[in-house]
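Same chain, two partners: chain A is paired with chain B first, then with chain C.
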Partner chain A sequence: MKKAIRISLILIIFIGCFILLNMLLQPKYATSLVEGSMIAQYYDESKDHEVIFIGDCELYANFSPMVMYESAGIKAYVRGSSQQMIWQSYYILKETLKYEKPKIVIFNINSIRYDKQSEEVSEAYNRLTIDQMKWSQEKIDIINDSMTEEETFLSYVLPILRYHSRYDKLTSEDFEYLFKKKHNTHNGFLINKHIKGVNNLPTPKKLGNYEFNKESLNYLELILKLCEENDIKLILVKAPSLYPHWYEEYEQQVIAFAEENNVDYYNFIKYSEEIGIDYTTDTYDGGLHLNLSGATKLSKFFANILKSNYDLINYQGDPIYEEKLKIYKNAIK
Partner chain B sequence: MVINFILLILSLLIYASLGITNLLFILFSILTSFFAAKLFKSKNKKFIFIITIILNSLVFFFFKFMIFKEITSFNLIVPLGISYYTLQIISYLIDVYKNKYPAEKSLWKYMLSVAYLPHLFIGPIAKYDEIKDAIFNNRKTNWSNFYLGITRVFWGLSKKLIISGRIAIITNNITTNNYSGWYILLAVFLYSIQLYADFSGGIDVVLGLSKILGIDLKENFNSPFDSQSVKEFWRRWHISLGRWLKEYIYIPLGGNKHGTFRKNINLLITFFISGLWHGLSYLLWGIFHGIFVMFGEKLKTPFQIVNKIGTFILISLLWCFFLWSDPFIALKMIGSIITDFNLMNVIQNIFNLGLALSDWIVLIIFTTTLFIIDKKQLLIKDKLLKIAIEFKLIILGIMILFILLFGIYGIGFNVNEFIYSNF
Partner chain C sequence: MKKKIVLSLLLICLCSCSTKEEVVETFELSYQEIEIIPGKDFQSSALKDEELNFMELSSCAFDGNDKVYTYENMEITVSPLDGKDIVYSVYFLNDRITTKEGVKITDDKETMIETYGENYKNINNKYSYLKGDVLLSFIIENDVIISIEYMYSNN
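Now for the complex of A and B:
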């Protein structure tokens, strides 16, 4: 009997060590490469948003839910991550709908240009989106649909298989955030105050084929279907990022899709003057993403559109959001 | 009986799953040798013997040197393990022909002894009577064997993933980028350790898996870097190949019975064949080994440590033929060690060759452990059996954690198959 207890104890200690090593070696995305923690921060939020943004970095850098709350009382959240591909957006939306039923889902259409063979698809970006997702059927599906050839499903289940070589790269961050998380975003918005204006944008390359890949279009249809099934209004947006170039051929295909499916579509590149974006001061990386100043202008503009055209409640005065707003204002000082 | 039957079916199925040509060619070799040996009682014994040997050797040579690819438009992949099972089959035919033991009566027993999956990948090259005894007569499945087996499997994997994988980063870097001079010396020294960790690690996995099944296969290594001469090295390195070459090439040629000159010729032929078995580009490697076996003993000093270091240097330099597939480039590289004295440059760049300081520390610790454990293998085996189950579990657990943590695998690393599975 005593022997059995000793053996069980040893096994438990080893399993414990194994779990601890897995946790320790996995990147924490707390103070560096914070983009990897964005998807998971949603789990700690109250799930009462009326507007959910789904998409890539063009969302988390350009749309500030706290500005939208301040100006129109909108409760919004951005479930965005770096280079979030359209198939990933579909599963993240699916996961979100398990927690809450927003009135509006806003999808940034930029990622429809990519397909699974695109060079923009990479293991590193997959990790930033998927690593910290909670285990669910959606996580299993997003892994299976996103994996590059060199990746294995098992390495998502056991992160040590992927990150074992970090043993000599561990920093204080890895120990400090071993059991806790750091919230770097404000309802999914990542503040960036740097200024790097647009200067010599590369001339857009002529492409051999401008047609969206059928598989990517299929995911857009799945997103639409998911919204329809849940009685959610889908809005498509194209954030006012100037690079990578948004071709007119892309624009026409999105307009056609929007008209055919009775979906509202806003291309904010076309509204940039009306919004008041000054591309010499309102971006932090030469036109790829807006900085705090640009994002504030855009968020106010879009909040007005949402307030005027859609049936949203004005939550201004909500004690939780007022507290959040204080924190946000403190952060942007 | 049932387990053996399952083992045979599993071996054939896994073998076939890696390519149906694998199965077809091993079945061809098994069936021709099995029925030929049965006919050794007839009058045409010699004719049947020669024809079967030629037939099986031809298949081996055709694939080994891709003659098949050159004379036909088919692009067949070399059947897995052909180098290993062809030697086993030839030794069986010779032994039966010379009446060392009778021809096998049971086809399925013969089939399992040849196609026993673990040893097809990397060896050791088994003699038929020994492997048959190990599988059918002396098999012992018990918890002790299971524990020893599983520990050995993980020991083998740690050699492969922690040591060989780490060194491969440097040797690949040096051989694929235009390094010369003392970088080459560093590469060949490290490759000695890499190849040993890789090959003996693979053999550990094979012996460990067999041990789990209760099958005791012969050891293939015996602390080769303890050798004081190249001759001794060949008694400690790839023992099964050395023994095969001695029994089926060197001794039939006359061995050392007909004077020094004939002995040296026999040695050269034997090592030439050893090189040929590895591949055409290894012929010079084989011949050089033959020369060092012939004259190496004369170079011995009264100091063991000097002999050991000298042998290590010689053996390491000869691995250049493994590092560069073109033997002339290999010789040019070795020549650059003398013409390009850049030792200081190597020292300054040691951490820029692909391994950081932490990797070097891991490498040095694990390589030292490897050599210590290697020397005390029997003692350790004995102690492993005597310790309490709790400690057995702790040792196993630590090994697994070490492999997971310090192993070189996953994205960004090209963990090739075991080096010797390519031969």
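Now for the complex of A and C:
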């Protein structure tokens, strides 16, 4: 009997240490590479959003839900992550719908240009989106659908297999955020105040084929189907980022899809003048992403469209959001 | 005596083995007498006078910027790798520049095959030849080359 207790205790201690070591070695994405913590920050939020954004960096850098709340009383959240591929967006949406049913889902269409063979698909970006997701069927599916040839499923289950070599790179961040998360975003929006205007842009490269990959299109259809099944209005957007180049051939395919499926589509590159975006001052990296000033203009503009054309409640005065707004205003000072 | 000869031969053999470097052939090109090899260092200063535009492209999340140098006839993208800036891609902008083997934009598909052979991979009209760790790609439209690009491929 005593022996059994002793063995159990040893086993528990061993498993405990192993779990702790896994947690310690995994990147925390708290003070550097903060984009890796965005997906997980959503779990701590109240789940009463009427608008959910799903997609890549063109969302979390360009659309500020707190500006949309302040100007139109919209409760929105951006479930964005860096280089979030369309198949990942599908699973992120599926996971989100387990927590809440928004009235509108907004998907940034930029990622439809990529397929699973694209050079933009990489483990580094996969990790930023997937590592901190809570375990669920969606996490299992997103891993299986995203893994590059060099990755293994097991390395997502046991991060120590992937991050064992981090032992000599551990910083105070790894200990400080071992059991807690740092909230770097404001309802999924990442503030960036730097200014680096558009100077030059690389020449748009000719492609052998401009048609979207069938598999990627299929994921767009799955996103649409998911929205329809849940009585959610899907809106497609193309954020006003100038690079990578958004080809006219892409635009025409999205317009055709939107018309065929009765989906609204807003390409904000075309609206940039009306929005008042000044590309010499409103971007932080030469036109890839808007900075705080640009995002504020875009968010006000889009909030006005949403308020005028869709059946959304004006939540202005909501105590929780007023508090959030205070924190946001303090952060942008 | 025999022993000495054997030892000397062995020594010569060892010396030659240790100094012999494995040379991997790759695609490369020459521009204004400057050798440009994808995957290798890029000395932008050597082409400073030719430079028309320059821009830095940051990644969505990671440190290190790609640098894009635009010249009259080509665009070179330089990426950070292991602390060094290496040539990632060379993109031809017009038909005033040729590959080292003499192929240019506006040449026909036949010229490409005559020059580089049939050992290519064709994905969506993009014909790619791999030599060492450099991919040389041609986009063909109506049997005419409309795009040429060298790309470092470290896979």
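Operating definition for what follows: the second predicted complex is superposed on the first by the 333 of 333 C-alpha atoms of A that agree within 3 Å, B and C clash if a C-alpha of one lies under 4 Å from a C-alpha of the other, contacts with A are read in each partner's own complex, and residues count from 1 in each chain.
Note that a residue touches a chain if its C-beta (ideal position, glycine included) is under 8 Å from a C-beta of that chain, and two chains touch if they have at least 3 such contacts.
Being a predicted model, the structure only gives us computed values, none of them experimental.
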item	value
Touched partner set for A:T203, first chain B, second chain C, both or neither	second
Partner chain(s) touched by A:I160 [first = chain B, second = chain C, both, neither]	first
Contacts of A:I12 with chain B and chain C, given as first, second, both or neither	neither
Touched partner set for A:I313, first chain B, second chain C, both or neither	neither
Partner chain(s) touched by A:E123 [first = chain B, second = chain C, both, neither]	first
Residues of chain C defined as touching chain A within the complex	53-58, 60-62, 68, 70, 75, 77, 91, 93, 123-126, 139-140, 146-147, 149
Residues of chain A touching chain C in the complex	33, 35-36, 56-57, 82-83, 124-125, 128, 199-203, 205-209, 243, 285-286, 288
Interface residues, chain A side, partner chain B - complex	3, 6-7, 10-11, 14, 17-18, 21, 123, 150-151, 155, 160-162, 164-165, 167-168
Chain B to chain A touching residues, read off their complex	356, 358-359, 389-390, 393-394, 397, 401, 404-411
